[in-house]
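Structure below; questions to follow.
Order of writing sets the chain letters: A, B, C, D, E and F. Residues in each chain are counted from 1.
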Amino acid sequence: MTLKPIEHADAAPEVRAVYDDIKAARNVPDVNNFWKMAAHHPPTLKRTWESLREVMAPGALDPLVKEMIFVAVSVTNGCDYCIRSHEAAARRAGMTDAQFGELMAVIGMANETNRLAKGYQVEIDEALK
Amino acid sequence: MTLKPIEHADAAPEVRAVYDDIKAARNVPDVNNFWKMAAHHPPTLKRTWESLREVMAPGALDPLVKEMIFVAVSVTNGCDYCIRSHEAAARRAGMTDAQFGELMAVIGMANETNRLAKGYQVEIDEALK
Amino acid sequence: MTLKPIEHADAAPEVRAVYDDIKAARNVPDVNNFWKMAAHHPPTLKRTWESLREVMAPGALDPLVKEMIFVAVSVTNGCDYCIRSHEAAARRAGMTDAQFGELMAVIGMANETNRLAKGYQVEIDEALK
Amino acid sequence: MTLKPIEHADAAPEVRAVYDDIKAARNVPDVNNFWKMAAHHPPTLKRTWESLREVMAPGALDPLVKEMIFVAVSVTNGCDYCIRSHEAAARRAGMTDAQFGELMAVIGMANETNRLAKGYQVEIDEALK
Amino acid sequence: MTLKPIEHADAAPEVRAVYDDIKAARNVPDVNNFWKMAAHHPPTLKRTWESLREVMAPGALDPLVKEMIFVAVSVTNGCDYCIRSHEAAARRAGMTDAQFGELMAVIGMANETNRLAKGYQVEIDEALK
Amino acid sequence: MTLKPIEHADAAPEVRAVYDDIKAARNVPDVNNFWKMAAHHPPTLKRTWESLREVMAPGALDPLVKEMIFVAVSVTNGCDYCIRSHEAAARRAGMTDAQFGELMAVIGMANETNRLAKGYQVEIDEALK
């Protein structure tokens, strides 16, 4: 009943154009399932790709830092697909095992202290206003 | 009805010892409200401080990157106190306005694509298993 | 170790009565696994079914809109079972592929802007108070 | 310490152009605080506005349904600013008190049953695969 | 623009009947704001009160344990109103400061380890299937 | 691409020491996958185990109550692994089927009313401040 991924061979021209753009930008032989599912709504496919390309490009933050931030959000939201695909991207961008370990440790502590701050209903300090 | 922050002058010796340790480690005149509330349960105060000090110390990731990851989690969890205190910490660690802007952009896109991946029930690619 | 679904043949009379009510209301030959698990606590089975029947009935909002709202919540909470069962219900209520595509796009943008509003700690405008 | 909203008079030309576009599209005398904060990162301001305009435009779903979906996500994420601004937008699009009441009831039930499905670790029915 | 609480004097008879029922059951002179807001949709008011009364009644779990579970969910969802009202209810049911301290500590650790389990994509052990 | 669990035979001495400590404390022949994954970052393994042992020890709250709180958080966060492992731990600590049923019912109602409180933007009562 659920939708199936749309392969390149079965895709409409506007979808193929985005697939080709992703493949060229990332130098990969095929796009992954995320794009093949988003392709069911071509405007979402195009807009999401263009936004992601803009946001994840090297800028004031380097790509590795951006991918680790992406992992932190994905872990906190509990999205398995996103955790795996962005952990892979972070490793391609140079993340070491030691960096991954520290990333996980920070994510864990942030989630713990976020709840303590809420649970104790901590008032915002004057210096933070 | 809610608990009030415990000030240094009113704190038990075991709590004061942690406050003094935080003040020395961070070179600040007073600890902030988070610690003054956690102090209602001294074992939580001590354990949380020791864990946070260990996790946020410079290591394979530098302190600025760690603070930005902390902000990413806090924004995703919607913890106002945590957003403000760790944005402040990130700025003290050198975060520029441009870096903050990109941090927010990545957090936003990650949250969007996390939901698209869930909504489309994207299957994990073989290469990501 | 986990609980197993309770089939109609093995169910206590009070559970069977709810199963029969669901089957009649939805014109289906069997209830799905959600109900067969909730049946482990008969008061929860009965109360949840009665609440859901009341809330999802046609009213000021039509059933398709209600099912799409249900999907939006389920995607945001990351509940795979709920996404699949309510996407199916929305399709039975007439949701087209184009509507599903726009539903996903709105869910995605809402999640992105929710985090931007939190991350920038946007103050509520006077006109919204 | 936190950033302040950027008013039209103080905005760079690229920011003003977006503000003017929003004001024209929505026929309002001023943009709200969300945009004045996003303006601290002009690419985010521009991209977010263009994406939102595309996604929220009338299409296969009408604007009222889209705004109610937006509210459902915002309530589930706990974003006060987003709840208030999109409840206001939904009312402008014609949402009645009775519709708002049913919207809240559906959001509530969806959140309850999402957790029951998770808590009971309900297996996906064959028919939903 | 937001809705205002509906006071007893201004309430329709069906709403007053629920208010009176809550006041009698809890032995309080007035209902709190949660009910005065839910009253904008009388079926939600009535259903929520009846469900809550059933679920929170003494049973296999005592009321204090139930209120602490309620607090744990509310902290994890970040609902300030719910944290405060159910912390108050837990204290009325006998929660001591030491119990509150341990409750917060468990909530914190659960949130931390939840994210570590997700982040490391831990496979479910055979014994847990 | 993902990390694999580290078995006792392949573990570094510092990791083995923690494994042995867990096995002795819990009287089990092997540690579960959570620990075998956390072992990829030995400081996280050690700190998490020591924190969890301290927090989950009998104190002002008994172990069964603590495990049920842990389940409530895990269900709300949607962590399947954590739900299963802590439901198992709660059952080992004596949780009956009736208690599990009520636990689920409370979690469900708390999630529902959390969203109603947010959705209606309920103001905090004076008595709760």
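Going forward, contacts are C-beta pairs under 8 Å (C-beta built on N, C-alpha and C of every residue); 3 or more make two chains touch, one makes a residue touch a chain.
Keep in mind that this is a model prediction, so the values were computed, not measured.
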{"item": "Each chain counted as touching chain A and chain F at once", "value": "B, C, D, E"}
{"item": "Partner chains shared by chain C and chain F (touch criterion as defined above)", "value": "A, B, D, E"}
{"item": "Shared interface numbering between chain D and chain C [over half = same, under half = different]", "value": "same"}
{"item": "Chain pair with the higher count of C-beta pairs in contact (C-E, B-C)", "value": "B-C"}
{"item": "Equivalent-chain rotation between chain C and chain A, CA atoms, steps of 5 degrees", "value": "120"}
{"item": "Relative to chain D, chain with the most remote C-alpha centre", "value": "F"}
{"item": "Distance between chain centroids, defined by C-alpha means - chain D, chain F (Å)", "value": "34"}
{"item": "Geometric centre distance via CA averages, chain E-chain D, whole Å", "value": "27"}
{"item": "Interchain centroid distance [CA atoms averaged], chain A/chain B, Å", "value": "21"}
{"item": "Overlap residues in chain F, where contacts from two or more other chains coincide", "value": "1-2, 40, 43-44, 47-48, 51, 55, 76-80, 84, 88, 98, 101-105, 107-109, 111-116, 118, 120-121, 127-129"}
{"item": "Contact footprint of chain C on chain E as seen in their complex", "value": "1-2, 43, 47, 51, 54-55, 127-129"}
{"item": "Touch list for chain D against partner chain C, complex", "value": "2-3, 5, 32-34, 37-38, 40, 44, 48, 51-52, 55-56, 59-61, 65-66, 68-70, 72-74, 76-77, 79-82, 84-86, 88, 96, 98-99, 101-103, 105-118, 120-125, 127-129"}
{"item": "Footprint of chain C on chain A - complex, ascending", "value": "1-2, 40-41, 43-44, 47-48, 77-79"}
{"item": "Touching residues (chain side chain D, partner chain F) in the complex", "value": "71, 75-76, 78, 80, 83-84, 103-104, 107-109, 111-116, 118-121"}
{"item": "Contact set on chain F toward chain C in their complex", "value": "78, 84, 87-88, 91, 97-98, 100-102, 104-105, 108"}
